[in-house]
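One structure is given here, and the rest of the page talks about it.
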Amino acid sequence: MKSRDRIGVGVIGGSGYIGAEILRYLVTHPGVEIRWVTANTSIGKDIDSVLPNLKGFVKGVFLSLEAAEARLGEVGAVLVSLPHNESQRVIPQLAGKAGDVVFIDMGGDFRTNDPVGYRRFYECEHAAPEWLPRFVYGLTEYNREKIRGARLIANPGCFATALNLTLAPLAVAGKLKGDVFIVGVTGSSGSGNKPSAATHHPERATNFRSYKALSHQHLLEVEAFLRTLTRDDFRVNFVPQSGPFVRGIFMTLFVPGAGIEELEGIYRAAYGQEALVSVMRGSPEVRWVQGTPRSVIGLEGQADRGVVFCVTDNLGKGAAGQAIQNLNLALGLSETEGLLIPGGFV
Amino acid sequence: MKSRDRIGVGVIGGSGYIGAEILRYLVTHPGVEIRWVTANTSIGKDIDSVLPNLKGFVKGVFLSLEAAEARLGEVGAVLVSLPHNESQRVIPQLAGKAGDVVFIDMGGDFRTNDPVGYRRFYECEHAAPEWLPRFVYGLTEYNREKIRGARLIANPGCFATALNLTLAPLAVAGKLKGDVFIVGVTGSSGSGNKPSAATHHPERATNFRSYKALSHQHLLEVEAFLRTLTRDDFRVNFVPQSGPFVRGIFMTLFVPGAGIEELEGIYRAAYGQEALVSVMRGSPEVRWVQGTPRSVIGLEGQADRGVVFCVTDNLGKGAAGQAIQNLNLALGLSETEGLLIPGGFV
Amino acid sequence: MKSRDRIGVGVIGGSGYIGAEILRYLVTHPGVEIRWVTANTSIGKDIDSVLPNLKGFVKGVFLSLEAAEARLGEVGAVLVSLPHNESQRVIPQLAGKAGDVVFIDMGGDFRTNDPVGYRRFYECEHAAPEWLPRFVYGLTEYNREKIRGARLIANPGCFATALNLTLAPLAVAGKLKGDVFIVGVTGSSGSGNKPSAATHHPERATNFRSYKALSHQHLLEVEAFLRTLTRDDFRVNFVPQSGPFVRGIFMTLFVPGAGIEELEGIYRAAYGQEALVSVMRGSPEVRWVQGTPRSVIGLEGQADRGVVFCVTDNLGKGAAGQAIQNLNLALGLSETEGLLIPGGFV
Amino acid sequence: MKSRDRIGVGVIGGSGYIGAEILRYLVTHPGVEIRWVTANTSIGKDIDSVLPNLKGFVKGVFLSLEAAEARLGEVGAVLVSLPHNESQRVIPQLAGKAGDVVFIDMGGDFRTNDPVGYRRFYECEHAAPEWLPRFVYGLTEYNREKIRGARLIANPGCFATALNLTLAPLAVAGKLKGDVFIVGVTGSSGSGNKPSAATHHPERATNFRSYKALSHQHLLEVEAFLRTLTRDDFRVNFVPQSGPFVRGIFMTLFVPGAGIEELEGIYRAAYGQEALVSVMRGSPEVRWVQGTPRSVIGLEGQADRGVVFCVTDNLGKGAAGQAIQNLNLALGLSETEGLLIPGGFV
């Protein structure tokens, strides 16, 4: 494909971990072409000096948001990866001017049409509540058709993606009822590139701990999404944990009410035809998906009870990988274009 | 205390990780003195050449089991840390000759008086079933009085210790009923010093996975022990996991039927007076107990449901630390002698 | 390119780390097609069950060497990744039958035309010394023209690649004289997939140590290669070290006789036009090249003395990446085909 | 020893990593007793809530510096661990009031009597240059006699300790001449408890890089100290590196002018009688000294050239361990009191 046939895309917030991973996918994507990238803290710096892994793959400097705004006309889509709370200001401003451009938001701002829940979990008032209903929730495997026609897509968070992929098949099968018990361990890349005590190497490198047990903010979007799939009453008891690795999420769900055979039927029905989610017997391993846009569901158990595992890369299927999947759909490209690259065995 | 007042102890299997950690505690223990140490694979080698961390703390060479047997008379206690299945042959032989010597077995051979269960979980016939009822199960906080008078002590495994410390207070309080959901993550030191694929650095260092979900062999001793505390019907759904750290276990138990206040009452009643088990609100961290004989219970939750955490060092309270605790009791010493050494903050 | 236009390749030893990484590159390579893969220990197993990272990218089972031999006619090239000492038996046997097939050996067997040196460093007699002079040493940046026409290529080892890339520009510039001091730290992937004490997670994960100081076996091929570039007298004092990471080599060379400006001139002259080796001021970081076929040279220093760094992925430019580079040249493809994929920022 | 016989000590800056490690040693030290601890950022907080590893070992809250100043009379010694540049203000103020109290400074402020060098390496003017000559440099093995009588001790930095222990024996033996080449790898605990990009887990955990090559600020104190041992002309070419582990320094020194036998003679003469520095053939391992106040020197080489290694814990012999060693000497206690605790094997 010649360069002039590729669709132009812009990236807002390209120097954070999610933005950097989006760029990593875009530079080898055959159907699109990066036109500009913003990064507030690195305006004017060479992109490949800030992101040395992209040396040889990308040229040019980071722009200011204002400079990018002036070049909205060059792009068919914009991927927005901003700090918490900022995209609810930025996207309405830009999308108001360019109604045909696809916006994919990586933040938590537009993932539910629930300003009250937003206030409860994020502890602040939403700045653009009237924009909430315009967004499509970008869990690709379940919202594929809506995403195809969408201009505004709210990409799920990393824990939310793994929770949803693990729980949704049960919801569809009518097996999500009452108290649900699920533990999720995350690598440190999920915390972004801003240093903090929780990601300080001496205190993280050999450590393991939980945080926000039963009260993680991603439960907002997860429960909202799952309720679109089932009318059963359920409550997700989710315990997030921090592990001493960089990339990956490992999810463990107890299913006391379904044996291994039934589980295999349910999950193969859900994902048997999917390119980026696979199903297996036994425990998957986080390293199988590190650096990739893929998730693996694993099933273990006995005749009358089971356990469901899910591994997902925070920055892959949990963020940038799924964003590219959604970008492809919204732009009319093949869903997995630019995503068919395997990770290493180690 | 002068050397001649110290009680002599012997160590069988001193070159494995548990044996090495036992030696680490013994070399600074004010009440006992190491008389001999065996190690089948290192007979005749300097102990401090095999265990360089003990350089300056221990002299002499590893003996053969036969040489140690000839010097049984020098010791008041023997700590036995042998590969799976071997102590059921060695301990009856030695203890038959020296009835007044305390034997503390670190293996899984004598932890339940249940040869049928043993066969089911360990997949072989027990070689000395008549010795099973003679052993006291060494979960110190619950069997203290029996341990004081015991000559034969079966020290709990590392996962078993953490499971028991987490579940026993609920059993005592009559809150252990029906399906119980618990996840435990272990560091690689729990696998011992024999290299294998599961502990091969390139495949473990950035990885996370589960194994033996719902079927770990430690459930045998855990359920046997818990049934001594409650007549309620319960089933432990335990998912063991491998984390990319070396020392420590992190346990996560869901308690849908008790709020945080009730949990605090239950666990403070259980451990409020304990020197080596403490109770706190919030999540403990594995690094707080690494290299120490201590466990920390953490409690989180809401008015009507909660989560219980437990951190334990595999080789500390999960093995050597608890062995020293039991040794002290059995020899009439202060329970925490030789154990009051803090770990590092990082 | 349609499948029938792609050149068939075979892989001997596809289940080890280097073989797996070769397959990882091959599955997305637009110019070649995998026809068969052998793996002695996994004959008949699905490739993607042994290498789950390749699920969705490769089909079929591992073959025996005999089965592959019968299908030599399907391939234009064979990549051979066998345990130490085996390729000197296998390659002569196969190449004797198929003179037009390209063989790229990943082992140390054919890297020098020096059977005496081979005996000294590898402590055994070479089984096919008459084949030694037929091989081209595959350090691509320096042997590009010979590799283009070669049928037999000995791919350099990972430490050797990093040493050569670091030292060769100085040799060419006439600055490699007398005692040369260089330290190289390697990740555990360089040790392969066979568990051992040196790669046992509990003993590697937080550790750092040296081994084979001044006597590493890769010095054989390094000194042989460097002597093709200079007649000056020099002695490489190389200290290899084991670091607690999986992928990557970090090389540190002292250059007391050249300032930073002079060094920059020398290294830019050597690599300024290279696609897979870049040159920068300051220290590069191992993570920039992890999972990639690229090396980065870094330069630091003052007016009269300097330090040269080199980062390389053991399995990338240090093995499989360079093998693909050589494969491309030998098959008449573009040198970087299949290699233009960036790694992650973290 | 009864409490009233113990010597009171105060700690200024007890919540940083070095302060916390000092407290860790003090709580089990039989000859001294902690009277107060300050921590600017945690005034009024329970010490064991900030440092959970000390739970059960220490009571009380962190004080302000002012509160501590009012209680100077209770202590015979003060250990000062403040951020860069602060102790040059605090110590003169306190020591001016309490001439008989021992002050041990952990910072870089008083390690050389060289205000010009201080300005060059630390890029600011020293605030109390007249106090510089009053301090004794606390490299215990070389300044033991001066330390015994000292009231003001400047404890060496962690890199400086490892450099000095590695280089000083050569200086004494007249073998430190011309260009000296030495590489040192440090764990992240050496960077302290303040999060930064260099210690951000996602960017450190699998990484390796150099920094400040040939220009590390510790060279100031190292060269000053070494020049007290030799009049030979030498220049230390030191390359510091960051490794992905928490505790430990690994030093590698090339010695082209001395064979392994000669080196063994030199280093055994230097440290053969030392309790906390040992000498061996081969490479030591960082994990042997993690969490301990000990260093190990390793020697490798051939008849005419050699390599010297040194492993040291940043917070142990490289900071708190050596501080306790110096404290003991200055207070007239046995040098190793409170320090004879082994680390773990893993």
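Read from first to last, the chains carry the letters A, B, C and D; within each, the first residue is number 1.
Quick note on the criterion: a residue touches a chain if its C-beta (ideal position, glycine included) is under 8 Å from a C-beta of that chain, and two chains touch if they have at least 3 such contacts.
Remember, it's a predicted structure, so these values are computed and weren't measured experimentally.
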Most widely separated chain from chain C, with each centre as the mean of CA atoms: B
A-B against A-C, pair bridged by the larger set of C-beta contacts: A-B
Cα-centroid distance, chain A relative to chain D, in whole angstrom: 45
Approximate Å spacing (C-alpha centroids) for the pair chain A, chain B: 41
Whole-Å gap between the CA centroids of chain A and chain C: 36
Multi-partner residues of chain C (at least 2 other chains): 17, 189, 202-203, 205-206, 244-247, 284-285, 287, 346
In the complex, chain D residues that touch chain A: 17, 187-189, 191, 193, 195-197, 199-206, 244-246
Chain D-touching residues of chain C, taken from the complex the two chains share: 179, 181, 183, 185, 202-203, 206-211, 213-214, 237, 239, 241, 243-248, 250, 252, 254, 256, 283-287, 290, 298, 300-302, 305, 307, 309, 311, 346
Interfacial residue positions of chain B with respect to chain D in the complex: 17, 20-21, 24, 27-28, 51-57, 189, 193, 205-206, 246-247, 275, 278, 284-285, 287-288, 291-292, 294, 296, 315, 340-346
